[in-house]
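Below is a structure I'd like to ask you about.
Each chain carries a letter (A, B, C and D) given by its place in the written order, and its residues are counted from 1.
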Amino acid sequence: MEFLSLENVSKNFGGLVAVDKLNLTVQAGESFGIVGPNGSGKTTLYNLISGVYRPDEGKIYLAGKEITNLPPHARARLGIARTFQIPRPFNSATVLENVAVGAMFGYAGAGVGDAFKIAGQYLELIGIDHKKDEKAMKLTPLEKRLVEIARALAMKPKLLLLDEVMAGMNPGDIDRLITLLKRIKDEENISVIAMVEHLMHAITKFAGRLMVMHRGKKLMEGGTIEVLNTQEVIDVYLGKKMVGITTC
Amino acid sequence: MKRARVLCVVIAMFFLTGLNYGCARQSGVGQQAADKIVIGAPLSLSGKYAKEGQMALWGAEAIRRWINEVNGGIELSGKKLPVEFKYYDDESKKESVQSLVERLITVDKVDFLISPYSSDLALASAPIADSHRKVMITHGAATDRVYQQGYKYITQVYTPGSRYQTGFLDMIKNKDPEAKKAAFIYEDDEFSRSVINGARAYANKQGFEVVFDKTYPSKPTDLSPLIQELKTTKPDLIIGGGHFADGQLLTEQLSSLEVNVKAVSINVAPAIPDYYKALGVKAEGIMCPGQWEMGVKYSPEAAGKAGLEWFGPSQEDFAGLFNAAANQKPSYHAAGAGACLLIYARAVEKAQSLDPDKIREELGKLKMMNFFGTWDIDETGKQTGHNMVVTQWQAGENIVVWPPEAAGAKLFYPLPSWAEKARGTLAKE
Amino acid sequence: MSLKKYYEFLSLLVFYAVLFFLGLAIPGMWQPVSLIMFYVALGQCFNIFLGLTGYVDFGYVAFLAMGAYGMAIAVDLLHRQGLGVFIIFIGLVLAVLMSTLLSLAVGAVALRLRGAYFAIATIGVNEGFRYFIEGARLWGGSEGIIISGPLRQSLGPQTVNYLSTFVADVLVFLIAILAAFVTARIINGKMGYAMMALREDEDAAKVIGVNVTKYKIIAFVISASFAGLLGACAWTLKMTYVFPADVFLITYTIEAIAIVMLGGAGTLLGPAAGGLIYGILKYYLAIKLPGLQLLILAPLLIIIIVIFPEGVVGTIKKRGAWRPWNS
Amino acid sequence: MFDQLAGNLLFGIVLGAVYGLATMGLSLIFGVLKIVNVGHGQFIMIGAYTAFWMFTLYKISPLGSLFIAFIIGLAVGLIIFYTIIKRLTGAPELTTLLATFATGIFIEELAKFFWGPDYRGYNWDLGRVDLGFTLLSYSKIYALLLSIAIAFLIYLWFQKTKLGMAIRAVVEDRQGAMVCGIDVQKVYALSFALGIALTVTSGVLVTLFVPVGINPYMGHEYTLKAFVIAVLGGLFSPWGAFYAGFIFGLLENGSYTVLSSIPGVEPFSLTRTVTFLVLLLILLIKPDGLLGGKNK
């Protein structure tokens, strides 16, 4: 059964069209990948799903219920959790508290006591429980990202949006993280959308289905391996490299 | 946890140290309180009443010196006791006033209080003074309302606000019965309203016609909207003002918009030399209701004529003592504060007691004249004996022009036009 | 655990108690103590909003003013009804009512704005309202309301003196304690974490499910209604008058901010420490150096803030683990 | 009636120009350092006293005092920055607010300590022009023209000079500026000093409009108004602030004519209510202020 679906959703800033009449459906418990070059509208898409932006047109459904105009916090309550490309933990709070807050206000909606228990569990799973009393601001970028994943998981989401979570990890960590995410997703029946710019091998290991975005449009959707082997995608990625040089 | 505990201890220590100091002072003063008479006052040495406060301080100090050095102290049960004047700075803030008044009463063991300047601060200190049964003479709390609150121990040395401008109206009526159109332009605050309410009622009674009657909020930067409207009503007289800054602004803008009238009387601001220093010739001929002014003729002889007893220095002596402390001319704020000490001194000598109730009773009976004027209060503590004077800036001198018996010079009337003033015409024959 | 959570609050109680009995024990100490307590309470009340949400409300004093007027109006209207001391309770109720209503109105409108824009908008409310009262001659206009007379007629001088020189101060103590308790409750509960989240990163807070608007308004209204109580007790009841020029004075807001920052925003002990330091400095300098105290006070404040950039308590805590909710 | 309106609007413009200039400094400091200077008005007071002393002691006309005030402002600004503000970079934003509050008090009390609580003023009467509907004194005309001129000079300085651009860069994007190798600390120091200097200078112009009532506590009113104007102008842009000054001045004076037709009220007080209401409305419609908000 389809859990998340977008019906020709568009968002433009001034003249620039960030997301253009996009249709997308993600099944319950599915792990779905989005790839696309920098500026292809991936992050905007995430903001639309998590409610940071409202779409200019189109509708968004979660488990058959329309959420197009719900504020972010309401969507979080319905089970949407996300991470940010640049992690945004609550700096002056400790790691444990960061994760606990997720458990309190997310789908889990736990009380303070339980929230800290849940937080402890996920920190252990992610494997940074040794840092649990550190303040978030003292962590390395990588650790911050892990904390954010833990925070997102502690919300006990039904739909998890991962934004470049694996960037900058060594292959070993990536594999560990992927297996871990897969396990949690299966245990708790979460639909996971992971988006990456490159790191194709990671996405192949992780996602069953894949969508390639380009200039806010869906370039192609289908089985991960097939999609990645089509000529267009390769072109886009060659193109992307150049884009990559010119921008930033 | 530990940190929290430590912190608490630290805080407590901090407070205790401050406290020991408090105790030390208290006992110290306690022992001496018998062989001198302590009069205390919270004065506004900073904040919006800093100017008045400073003047009052110098005035009180001058009179303290007179009592101790010239009069040899206050005579109580055969002994001449020196006066000590104890004061703190209340920053013109009501919170400070209350704690300072209580300190004066309980720690410094003052026998009598002089109120802080202004009606609001006096009101703030009233409950404390009243609950400790301390007599308090107010200077500056000119609003009649203060004395309608039923405080037993609070009395007033100033003429109440309602009578500030009546003298001016009398004078004009007497000088020029044709001048009928009066315009009121004044600060929208408690004091100025009490003044203008009095003036309005009196003006109507005396057959003046009020052609303009509007206020401006406190601390204005531009009065031109009001003044332009006022100008269209073509008044003969302008009555207004509020405090120092706005009074100066009012005069300045009356001149820059060339509003020419026969007479202008502004509250408070023109009473101090600052006014003329700031405005120069523009100040010429501007009048001001004063509680007192150098040159006003209050003397033993005048007292004799009025059948009142005289106590205290002549105004020249006062001005001398004041000048020694401040090296400038005293304003009525200074004189008023000084007068409070004289009145206490006299009341003690007559009552031969320091008991608040006896003194309050004596203050009620007391009818006397001093350099500041007459003292005579009604049962509510409101001043009825003291009279206002009207002063006018003539050739750089602020001279009393009304009432006739107190006048030091003739009224210059009508005002020279602003253009004439700009050419240097002075308001003097 | 749960008592441990409230350790700070309990130590705060001890501190208040010490202050209270010092005030009673030593002649001449009561008013100074109540002066200090006014600043402490002001800090405690303001901290609920400023400290916990990180939003600055420059117009905060308007809520004290509302409270002050609430009490004054109640007395002014009802002193002839022979209600006795009960009139004070009505006054308190009206005070809370008026300040809460204003805060709801302001909150609904202004809390959409962020940072400095919110701060200045609240100044607009404060000043605009003040000059409306003066301009429209509302509630006595600039002449305000003097309640000592009416009160003394209906309750008798002794009672009123007692009310305004003792009871009012005790009420201020109670307000401070209550405000501190509410603060402790909030930061120990779920709400505290929500506010931590929105203080740290409003957008991140949203996407993890924190209804930031809701929590902002809650903090705003609670803080405002406490301000109303404080205004009613520490101003109208204690000073026995209300003049608009004096109750809408923006300086009080800035003093409140100063106190909270001096102690440490968002901490429970912060406002107490800040208020204590500020009050004591003010009082003893005023006694030692009348006329010069502010000249000394200002540099002292600067030195303190340079040594403790996050407030005395805040900085001390920061040097250790930072857990306002359970140390 | 019409004459009055015309007159009020005219004075509104003059006043607005002065307000505008008096606010530019505040906006600049806020835009660059993110510091709300609650001691703003006290620097206007310094400027007013500069004009007064220069005139009474050395017979220097206010026009001359402008430069002196500017220099004094720079010096004071640098001193305050390096003694206080610099030490507080990195501390919570509100901490600096407390610091500026204390600094303000300190300046006020110093002024009272040295110059006394007196209400000063000077008498620089250049006569006035009769515009038919009202009279406008030349000193006010000077105030108007000089404010505009100074604002324009500052504008040019920001557009043309390297330092000016550096400051703008920092306002736009701190990190970016650092990356481009701008010495941010230096920019901070400079902007703070410049902001204060502008404010002190505007103090002189204030006395051109109101040459009397100069006293240590005169600043507070201007602080409040400056805050409001700064927000109207969108906080981050000095020019926005300058234009907003006019709007504020026009509102304050212009609304009087309308309000004075309402019976039973005090129109002058209500003009202030109107001004602040308009501020609220503007903020609700454009939450980033009327002008220049885009910099945010």
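To be clear about the criterion, a contact is a pair of C-beta atoms (placed from the backbone, for glycine too) under 8 Å apart; a residue touches a chain by one contact, two chains touch by 3 or more.
It should be emphasised that the depicted structure is a prediction, and the values quoted were computed from it without experimental measurement.
Comparing mean CA positions across the assembly, the chain most remote from subunit D is A. Chain C has the Cα centre that lies closest to the mean of all protein Cα atoms in view.
Note on chain placement: the centre of subunit A and the centre of subunit B lie 74 Å apart, centres being C-alpha means. The distance from the centre of subunit A to the centre of subunit D, each centre being the mean of the chain's C-alpha atoms, comes to 48 Å.
Averaging C-alpha coordinates per chain places the centre of subunit B 34 Å away from that of subunit C.
Note: centroid distance subunit C to subunit D, computed from Cα atoms, is 31 Å. Touching two or more other chains at once is no residue of subunit A. Each of residues 45-46, 188, 215, 217 in subunit B touches at least two other chains.
Under the contact definition stated at the top, the residues of subunit D that touch 2 or more other chains are 109, 220, 266-269, 272.
By the definition given earlier, chain contacts exist for A-C, B-C, B-D, C-D. Those residues of subunit B that touch subunit D in the complex are listed here as 45-48, 50-51, 53-54, 188, 214-217, 219-222, 224-226, 228-229, 232, 244-246, 248-249, 251-252, 256-258, 269, 272, 274-275, 277-282, 422. Every residue of subunit C that touches subunit D in the complex is listed here, in rising order: 50, 56, 58, 109-110, 112-114, 116-117, 119-121, 123-125, 127-129, 131-132, 134-137, 141-142, 250-251, 254, 257-258, 260-262, 265, 292, 294-295, 297-299, 301-302, 305-306, 309-311.
Across the interface of their complex, subunit B is touched by residues 4, 7-8, 11-12, 14-15, 18-19, 22, 26-32, 34-35, 38, 131, 134-135, 141-144, 146, 148-149, 152-153, 157, 160-162, 164-165, 235, 238-241, 243, 245-246, 269, 272-273, 276-277, 280, 282-284, 286-287, 290-291, 293-294, 313, 316-317, 320, 327 of subunit C. Against subunit B, the residues of subunit D that register as touching in their complex are 3-4, 7-8, 11, 15, 109, 112, 116-123, 125, 127-128, 134-135, 137, 140, 206, 209-218, 220-222, 252-253, 256-257, 260, 266-269, 271-272.
Residue ranges on subunit C touching subunit A, taken from their complex, read 188-190, 193-194, 196-197, 200-201, 203-204, 206-212, 321-323.
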